[in-house]
Amino acid sequence: MLTHLTPGIQQETPRTETLTRELSYVEALREATDQAMEADPSVILFGLDVDDPKAIQGTTRGLAEKYGPARVFGTPLSEDAMTGTAIGMALAGLRPIHVHIRMDFLMLAMNQLVNVAAKSRYMYGGKVALPLVIRSMIGKSWGQGAQHSQGLYSFFMHVPGLKVVAPTTPFDAKGCLLAAIHDDNPVMFVEHRILHFHKGPVPTESYTVQPGRSRITATGEDVTLVGISAMQPECLAARHYLAAIGIHAEVIDPIWLSPLDIEPIVESAEKTGRLVVVDNGWSNCGAGAEILAQVAERLMGIRDLRVRRMGFAPVTCPTTPVLEELFYPNARTIAGAARDLVEGQPTGWIPEENPALRGIAFKGPF
Amino acid sequence: MYASLYRALYRIRRLEEETARIYPTDRIKSPVHLSIGQEAVAVGVCATLQPQDVVFGTYRGHALYLAKGGSMKAMVAEMFGKVTGCARGKGGSMHLIAPEVGVMGTSAVVGTTIPNAVGYAYALRYRESDSLVVSFFGDGATEEGVFAESLNFAALKQLPILFVCENNQYAIHTHQARRQATTDICARVTAHGIPAERITNNDVLRLFERSQAITREIRAGHGPRFLEVMTYRWFEHVGPNKDFQLGYRSLEEAQPWIESDQVVRLANLVDRPVREQIEREVTEEVLDAFRFAEASPFPNATELDADVFKEEAACSLI
Amino acid sequence: MLTHLTPGIQQETPRTETLTRELSYVEALREATDQAMEADPSVILFGLDVDDPKAIQGTTRGLAEKYGPARVFGTPLSEDAMTGTAIGMALAGLRPIHVHIRMDFLMLAMNQLVNVAAKSRYMYGGKVALPLVIRSMIGKSWGQGAQHSQGLYSFFMHVPGLKVVAPTTPFDAKGCLLAAIHDDNPVMFVEHRILHFHKGPVPTESYTVQPGRSRITATGEDVTLVGISAMQPECLAARHYLAAIGIHAEVIDPIWLSPLDIEPIVESAEKTGRLVVVDNGWSNCGAGAEILAQVAERLMGIRDLRVRRMGFAPVTCPTTPVLEELFYPNARTIAGAARDLVEGQPTGWIPEENPALRGIAFKGPF
Amino acid sequence: MYASLYRALYRIRRLEEETARIYPTDRIKSPVHLSIGQEAVAVGVCATLQPQDVVFGTYRGHALYLAKGGSMKAMVAEMFGKVTGCARGKGGSMHLIAPEVGVMGTSAVVGTTIPNAVGYAYALRYRESDSLVVSFFGDGATEEGVFAESLNFAALKQLPILFVCENNQYAIHTHQARRQATTDICARVTAHGIPAERITNNDVLRLFERSQAITREIRAGHGPRFLEVMTYRWFEHVGPNKDFQLGYRSLEEAQPWIESDQVVRLANLVDRPVREQIEREVTEEVLDAFRFAEASPFPNATELDADVFKEEAACSLI
């Protein structure tokens, strides 16, 4: 019954050549949210603790003060109802951003996400639209353990009617969040706590990184590495380890997991003949399974190919650091797997650790 | 006013009787959860609403959809799976929608539209609208955790929403007393700080009166309210038949409800000529709706892929 | 704090050669439950409407009367808490069977299933066990629509710590349910409303169809069809359509989806060189993606292969029969796809409908 | 009795103080949610329990685990990620367990152990045990729908369970009044037919007394009960520091709670020599536990794959 407000800000293409300003991923998210809220009063932001002193790692810092408690508010501990509430707001023409400090907590919201958000437009014959963004974070390190570490985005990739994005750089964090807010459909916006610490060039203006476009983040001829979420920087580091032994890896960041831009992955795999997909979740029925399946459907009979998935070990995430280390793929194990694929046999090779290539480590308490 | 209430009640009754009658012909390609016996709830409340007010309901949604002003043709066509249906044949009887008259959705998963209604109410408040939202659900839905969560949030934010519990005492075949430790739903609601009251006897006039007073207060900004309406389902949970032979409830239990049928009661309050005219018009409307549905085409194959996503953005944010 | 009761009934192997008695899938489930409850007082059965006149399509008929309301009871509409309750019972050494009339409703129970049931044993260092069975049904036909038709088992395949089974015959229904009840771990037991109507030979005695064993249901040399849940009879019917044009299909029923017995699928695909996986859910990150990925990892470079997935159309399930027909794969479309794969090109062929091969149709109301 | 309550309180206090002290050394590879200030809740209730009674708790579980009799060594080793930990290093501080003394689990997702406790109570009732279950959770957990659902089922089946809400008024940094439309949690509980009462001042003796009376009634088969205990967290939500500088709460607000510290109060009720002996013994136990944890090995790599499933069936059903 409400009509959309139509703010007057124009779409712009980011001037990538002038990217001199560095922001952290956290700051990029904050800026995107701020710009969207500034541009459109129908954008509202809520979720547990968005307005508290920690401000979701800083990603919502200052916004409650700037936009007031009607537009930015913390909620009760009621993930199911608050997700349903977000859907109701979107039905009324608002553009809610609902934030969850852990992706694991989305399990309490699955009914509204899968049975309502994903389906409303279709099952109501196109009569409604749901411009809704669900932000959630994947945890890692320092004993996050079983219930604070899951990367469950494949659930959302499985269900038609949801879009899924997992940006890995500050640039994409900002552009994808703006694209997600701009989108008239429910978007699952997947963040990773480790990526929050990353810094990179980010344009000051508003821009969008649109759904369904992946990015080749490094070129190479010998093997294709697809790195999802926090595994993207690990793949880039693996490329350095591989380069040191003369193997040239191409690295791809899918960015949007649904709709998934498979074309560049297929092309790269066709070129290199070897594909490793490194997932930030479990492999079984995961994003990596989907990518391998699509590549197999497309290239079998066309190109002789070797493929391999890496991801979480097929166990619950343990807290103790010695086991947690084994639970996750990392640059060195990725490099080892890629080399095995290139040589066509298990080599047992794992590069010596190069401290310059070590990922950002997260230290407690949380 | 009796005449318009009677028309609203009779429209639903006739439509559903016709639905039950033709169901065995298999032209309705959809499960049907009939409201016969419960029409008073949707009618009594919706008669007090404005067109721009919004309602959310359940799979047992024919009465609500019609009472709020939804097109009967579009509804019957929807049950027939036709492209002229209110959801282009994709939703069926359980997913009725009519945004043009404020019917914002009905869901087949119990309890799910309750928080959706709360969110809509949040948006109204945020936009300083003087409209309100009414959330309709059954007694069973109050057992879902989302009900308590929704009450808390609506009360915390003092939202313009009326919760209406259609208590027909059963969830499918199980009586409320076998599912709820105490059957005093209103007590659970007031504990959340929301004023609640019960209409014990499906009385459409009493409900109309209370709903009028309550919605006035909600519009005045006094926050959410709750109404429990005791009522009774005459037919089986889903499908076109009576089911007293199943043994989970008795015809004796039903008797007082049937005797106090609000359709008959209101009929008797309307002058005969007016009443006969209403009945003629409604009967014609019902038959028309079925003819329309029958004559309408099924969606064509390309519709399968349509409307998974909305393609163009409604507002240019950036 | 409770210790397990140890009933004295022995494990037996079913004498398949003497299978003369026919039962429906529904009766097979009922008998399995009855036998398990008879054998072990720690087995208890609950869920919405298990004790009502419809008795979950008859699968729980008479059990409330036989075992009393403490062991067989309907519940409030509280999927989240009742799942948590089932877990608590299992922690105390009971063997609960929790029944859901629709798989879609499990979305309300995801937190307990994914964050608690799947993880408890591991995150508590092996100190507890969760002998828990979750039965749920997939709906189809007659306008079940968006929220009453989903086959979401890939969610449970994704998460370590859960077992998943989707038996397709009365024989396997009984044996798998007994195996699931017998198992000391959480088992997601997936049924399909259409399969409920199927009849087949079922031994009278207790027997188990153990986790992690698939079954070749028909042999052939030209193409491998893997049919999951209600797609298994469709694959068997497709085989007849294909035989009529001289193509010999091998058909495999995975039965247990997790742990998944990939070996026979790999062997068959290696033999036939063509693999079609027909899923009873969406393809994206689905069971079919997992099977294709595993086959690709194993056979690429070893066998020239063509692979293909079929499953739900990538849309929400529509109610109108004309679109619903297009939403699901069926024997004829499977046959067409298999032929295309065998001939290495799109043929456009779909066999004329043979009424004898038509699947069981479900008629309303529900 | 004062002596044993004091020992129980002091054990938790000393253990957590030591935890906070050494936290900056990074030997504890786990987030820690300290109970300092709230020890009275677990201690007052657990002192009235039998060994075979069962408790479920939250990520803020050190106090409960120790009060119910969990091994301190195994707990500290767990925080260190060592294989000698109560969960073999796989659970960390948030997933403590000790089935041998009835600690059946603590969870990092708010509210999740509430229905688990209810299910355990169902099993006890089913087996005609005279044990009971206590479910501990925070004020925030009562906002989750599962809380209402669990209350309803426990009341419907009249299960032997005591619900204990540790109301420290905050969920992380947000005050109860900003999350709950009414802060009267007991009213919401009684509306489900469960008798509920509140201890307003963290008073361990009063709590002990009430818990003793209430658990007696539960054991006698009178169904579930609810206790809300007002208490206060002195440290930050998670981590080893104070956090009054953040501004979401004031030191003034904390002052009365600090002044009525139950550890000090009980210390003063115990004769000096006894008290000194307790303090010596506890201090030794705490240092021992840290030494044990320090000296214990990490799990070896093969542990990664262990215990996803239980392999052999516990009972041969068939």
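When the chains are written out, they are named A, B, C and D in that same order, and each has its own residue count from 1.
Everything below uses one rule, namely that contacts are C-beta pairs under 8 Å (C-beta built on N, C-alpha and C of every residue); 3 or more make two chains touch, one makes a residue touch a chain.
What you are looking at is a predicted structure, and each value in this text was computed from that prediction instead of being measured.
Most remote from chain A, judged by the distance between CA-atom centroids, is B. Between the chain pairs A-D and C-D, more C-beta pairs are in contact across C-D. With centres taken as mean Cα positions, chain D sits 36 Å from chain A. For the pair chain A and chain C, the distance between C-alpha centroids works out to 32 Å.
Per-chain Cα centroids separate chain A from chain B by 40 Å.
Within chain A, contacts with two or more other chains are made by residues 75-76, 78, 80-81, 104-105, 107-108, 111, 115, 122-123, 145-147, 160-161, 314-316, 318. In chain B, the residues that touch at least two other chains are 85, 89-91, 95, 107, 109, 143-146, 149, 152-153, 156, 179-180, 308. Shown here, the protein chains touch in all possible pairs.
Only residues 143-149, 151-156, 179-182, 184, 187-188, 190-194 of chain B touch chain D when the two sit together in their complex. Looking at the complex, you find that chain C touches chain D at residues 1-2, 4-7, 9-12, 35-36, 39-40, 42-44, 70-71, 75-76, 78, 80-96, 111-112, 115-116, 120-129, 131, 160-161, 163, 178, 181-185, 206-208. Per the touch definition, chain B reaches chain C in the complex via residues 23, 26, 28-32, 81-82, 85, 89-95, 107-111, 140-141, 143-145, 171-174, 178-180, 238-240, 246-248, 298-301, 303-305, 308.
Taken together, the chain C residues at the contact with chain B in this complex read 48-49, 52-54, 74-81, 104-105, 107-108, 142-148, 313-316, 318-323, 326-327, 363-366.
The touching residues of chain B, counted against chain A in their complex, run 52-54, 56, 85-91, 95, 97, 99, 102, 104-105, 107, 109, 112-124, 126-127, 129, 131, 145-146, 149-150, 152-153, 156, 306-310, 312-318.
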